[in-house]
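Look for subunit A in each of the two complexes below; its partner is subunit B in the first and subunit C in the second.
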Partner chain A sequence: MLQLLVGQTLNGVIVGTLYGIIALGVTLTFGITGIVNFALGEFMMIGAYVTWYLFDVAGLPFPIAIGPAVAAAALCGFAADQLLFRFTRNNLINGLLVSIGLISIIEAAALLLWTTTPKDMGYVLSGAVRLGDTSLPKMKLVVFALLAAVMFLTYAALSRTWMGRAAYAYAQNPEAAMLMGVRTEGLQSAVVVYSTALAGFGGALYATLYSLEPSMGGLYILKGVEAAILGGIGSLIGSLAGGIILGVTEAVGSIYLPSAFRDAYGLIFVVAILLYRPSGLFGAER
Partner chain B sequence: MRRLIWLLGVALAASPAAAQNVLKIGQIEAQTGPNAIYGYMSSQGLALAVNEVNKAGGFKVGDKTYTIQLMASDTRGDPKEASIQLKRMLETDGVKFVFGPFLSNVFVTVEPYAKQFNGKFLMMGGATRIHDFIGTPEHDFLIRTWNWDAGPRGFGNLMVDRLLKETGAKKVAMLFQNDQGGKVLVDIYTPLFKEKGIETQLEMFEPGTKDFSAVLAKLAAGKPDYLFPSYSDAHLYDIVRQSTEGNYFRKFFLVRGSLGPGLKSKDEIDDYFVYVPKYFEQAEKTDPKVAKFIADYKAFYKRDFPYDQAPLCSSSCYDHLFMLIAAMQKAGTVDDVAKIRKELLSMTYEGLWKIRFDEKGEEIFNFDVVRLQRGGKIGVSSIDVQ
Partner chain C sequence: MKALLWLPLLIFPALVQSNFILSIFTFSFILAIAAVSFNVIFGFTGQLSMFHAAAFGIAAYITSLTASFFQVSFWVALLPTMAFTILISLVVGSICFKFQLRAFYFAVVTLAFSELARLVILNWNSVTNGTLGLMVLDRPFVWMPGTGLLKIDGVFGWYFFSLTALIFTVAVCSLVLNSWIGRCFAAIRLNEDLAQTLGIDTFRYKLLSFTLANTLAAIAGSLYAFYTGYIEPAYLSINQSLDIIAMVLLGGRSSIVGPIAGAFVLTGLPHMIELSGEARAILYGLVLILTILILPQGVIGTLASLRRAA
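For the complex of A and B:
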């Protein structure tokens, strides 16, 4: 049983980083634009399908396929920002409605392009690494390493670059940041585009592990929002931690309890944490 | 000018008479979607059969020649969508013959509505849950186009027998989706395994699950000999891949789903024991009807033949249209559904499959069992249930 527990804890950590990358996009977008972009899961789906197409159909090597996949997600994110989100800045309800509408549009387009029949991408890296009696697929370890690296690079960029510090300043006090010369319009657009690119990157890696369906984004945005709330909205490290805790709770919960209620275990954990820490595990107490 | 108007009038008056010689056939199947594996192939096969009939100038019943108008839109496996389509077919379009559905969740949703039209139309579907209704009062409209799992001639029963004989399996882990289809499989197979002294483990998973590692690890801890997973390729690709990558399972037993997931992981699996209505790769070389079907498919759709999905054409598909036409010709009518049903139930049809129905209207056809082993080695056994 101990071996099962260790194996599933590790698996939960890896799966949790996928939730974490979406949570990071959620927390960045909310901090800078004041909206929760529920359509981020759809940008993840775009990244996943473009990767599948370039790798499986066009025959490009996987590392080359990732670039256009992320670019496609970012480009769609830019279009969505300029055509829609630009008009909903700092308006939570309008932003929510626009993002929900966007989900329908992107999903309908994906249905037209690829139908709802799942696509299963070929193996990018097969085989597993054995840790004692536990086997972990090599590709899952690569996905974990890449996602964790991107999240820490994002953290470093936000804390060490002018743009990052401007974003932090704006999140804390928008008026003061504007008075200090931060170009808010450009900053907000950049954050929306970056969070969609992150989602696209998550999608590209997702495609290496699981089969794809146009509705896949819906599940992951819910996990991403759960993880962001659990970790504390506004906290980058909290996003990663929230995702990992959610992943581990689901994986370990499925061992001891019926797996038919897998999604509920993470949610119960989120509710329990929020009762004691309403601002999340790493969120600033108000 | 008057003459022209008169001619136009004659032409218009003549057109309803021409329309009477068009037989409308409906189809409610998931052509796309996570559970579309059966509906997709059914819709492909039926459209091909309709094209062949119409290309040959139609078919004769009595002294009239009929062509076929196929009304088949995609339900995407959504019961609400299927209900709307069926309502339109029966109430607006006057369709009397409906192929499908294959999905049990779709069937149980449309059944209360469909039985209001009992005696007025025929529904030829493969859904497992049709078995519970067929032969009961108010359900003469049902014909089930798939072998039943249990019973002495049941394909599931014969599959479990074969598994026991060939592998000596003592314990099987069942992993099904927590929905209508999954629950039906639990109800059928738990007693089947028990009867034959095979121990079972069971886990259900949430629809939409993508990462099965935890539940696979949990099942593997019980050390079963075989994993008996899911019923749709949408999950099977993920389950087979994650089972082998995580070293949880390398032996699989399937009664739903295709060879595809096994072939994709052929170098990682040890045994993939699967029910296949027909192993087309082999049948193409020995059966001219199968070879013709494959050639016609390629010509009609202008693409490669889907060998892994084609076996699912055994359900509500190609053969069944020709069988229905033969029944109409014997009954001498395209309208009297009771007469046509009676003829269908009394005939044996030799098409791609040798098909007949039992007294309730449930299909009996011969099938193949395919064993795919590591590296892609394939063994095929044909099972005669006639």
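For the complex of A and C:
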């Protein structure tokens, strides 16, 4: 029993970091452009399918396949920003609805390109690490390490570089940031594109662990938004922590409670958090 | 005067004998009820509720299950549905509004409740038959002067039955929205803090708007279940909510009848043009995006402002 519990907790942590990387994108986009990009899950799907294509079909080594996958997601993100999201800045409802329209289009395009048949990518890294009684696939550890590294690098970049400080300044007071010489248009586009690149990176790593379906994005964006709310919108570390808490709750919850309601545990958690601590676990008090 | 505008729809079946077109109209009428009622909470009160499809789907299930389980008529089965819809709207609405959830947070929490309802229906196999859904074999009866009890069956029966329900919905909405209640809704939409300062009990009016919208959606859901003869958990899905939102946006959120136009376009268009599922989804996404970016007031709203300008 203990072995199962430990195993499920570790699995939950790894799935949780995948939620976390989407949550990071949600938090960044919301802080700088005032909208929630619900289509982030679709950019994750793009990253996953490009990785699968380059690794499995074209036969490139995995580290080389990641680059174009992230680039493809970022490029689509740039196009979406210039054509659509540029016109919905700071308009939450319109941004929500435009991104929902975008989900519909990208998902249908993916269905046309790759059909509903799930795609399984071959092993990138086989073998497992033994931790006492539980064994953990090496690839899962690599995925966890890479995702955590990217999230901490983002955190460091935001607090150390000029661009990062400009983003913080803009989130606090747009007018003052503008007066200090922050190019707000460029900053907003950069953040939207960066969040889609993060999602693409998450997708590339997702492809090494699970099978791919065109509808995978819808689930992950819901979890990403839940994780972002749980951790507190605006908090970068909160989005990682929120993702991990959500992942572990689901994994451990499905041992003791009917697993058909797996997706509901997180929702109940989020509703409770929103009601009693609307700023999230790590967010600043409002 | 405005009531005369319904006249063409009443004589329409006499002119067009095509069963295909009349059944598309029937679908449009039923979905228009859902869209018009959604506009009460979204367009007039300014709250993006994601619970609408849940109210629609829960009602479809309760009405048809009650009718088949207890062998009662559509009208009797509608009573527990209404009672339950009002109860659940009061519970969900009270939680959301008591805690002052606004905009995005309101949408997320109502979406959470809606997903919970869908998961319950999906997994309660013994009653709801899970993903496979259930057939609904009963048909509603109405009493007509002269002929007595009349079974609603066939294209013409359903056409007039659903049209009557739509007219009823529009009448209820325009009565409420054109009264002082509607003005309180508008005050909340325009500036909630100011409305509260002026002495409007925003909690009570938001709850009223939410409950009214869901109750009317319950009528649409019950009709839909009996018309299609089939219920499935997809009625409660996020996509169903989005379809209704798209209808309202396309038609225009500032008028009562606007969403009807949206319902007609989005229900009729995919049937008129032969399209694959993927092409339909792409078209739907494009309509949604272009409407928001180019026609933010919707078709009816834009036409109205063009007429004012001319």
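One rule holds for everything that comes next: the second predicted complex is superposed on the first by the 286 of 286 C-alpha atoms of A that agree within 3 Å, B and C clash if a C-alpha of one lies under 4 Å from a C-alpha of the other, contacts with A are read in each partner's own complex, and residues count from 1 in each chain.
Criterion: contacts are C-beta pairs under 8 Å (C-beta built on N, C-alpha and C of every residue); 3 or more make two chains touch, one makes a residue touch a chain.
Predicted, not measured: the structure shown is a model, and the values here were computed from it.
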Partner chain in contact with A:Glu250 - subunit B first, subunit C second, else both or neither: first
Contacts of A:Ser159 with subunit B and subunit C, given as first, second, both or neither: neither
Touched partner set for A:Asn173, first subunit B, second subunit C, both or neither: neither
Which superposed partner A:Ala108 touches (first subunit B, second subunit C, both, neither): second
First, second, both or neither for A:Asn90, with subunit B first and subunit C second: neither
First, second, both or neither for A:Phe261, with subunit B first and subunit C second: both
Shared subunit A contacts, counted only where both subunit B and subunit C touch the same residue: 111, 258, 260-261, 263
Residues of subunit B defined as touching subunit A within the complex: 32-34, 36, 40, 76, 178, 203-206, 208-211, 213-215, 217-218, 221, 233-234, 237-238, 241-242, 245-247, 264, 268
List of subunit A residues in touch with subunit B within their complex: 1, 4, 7-8, 11-12, 15, 111, 115-118, 120, 126-128, 130, 135-137, 139, 209-211, 213, 215-216, 219, 250-252, 254-255, 258-263
For the subunit C and subunit A complex, residues of the former touching the latter: 48, 95, 99, 101, 103-105, 107-109, 112-113, 115-116, 119, 122-123, 238, 242, 245, 249, 277-279, 281-282, 284-289, 292-293, 296
List of subunit A residues in touch with subunit C within their complex: 36, 84, 87-88, 92-94, 96-98, 100-105, 107-109, 111-112, 218, 225, 229, 258, 260-261, 263-264, 267-268, 270-271, 274-275, 278
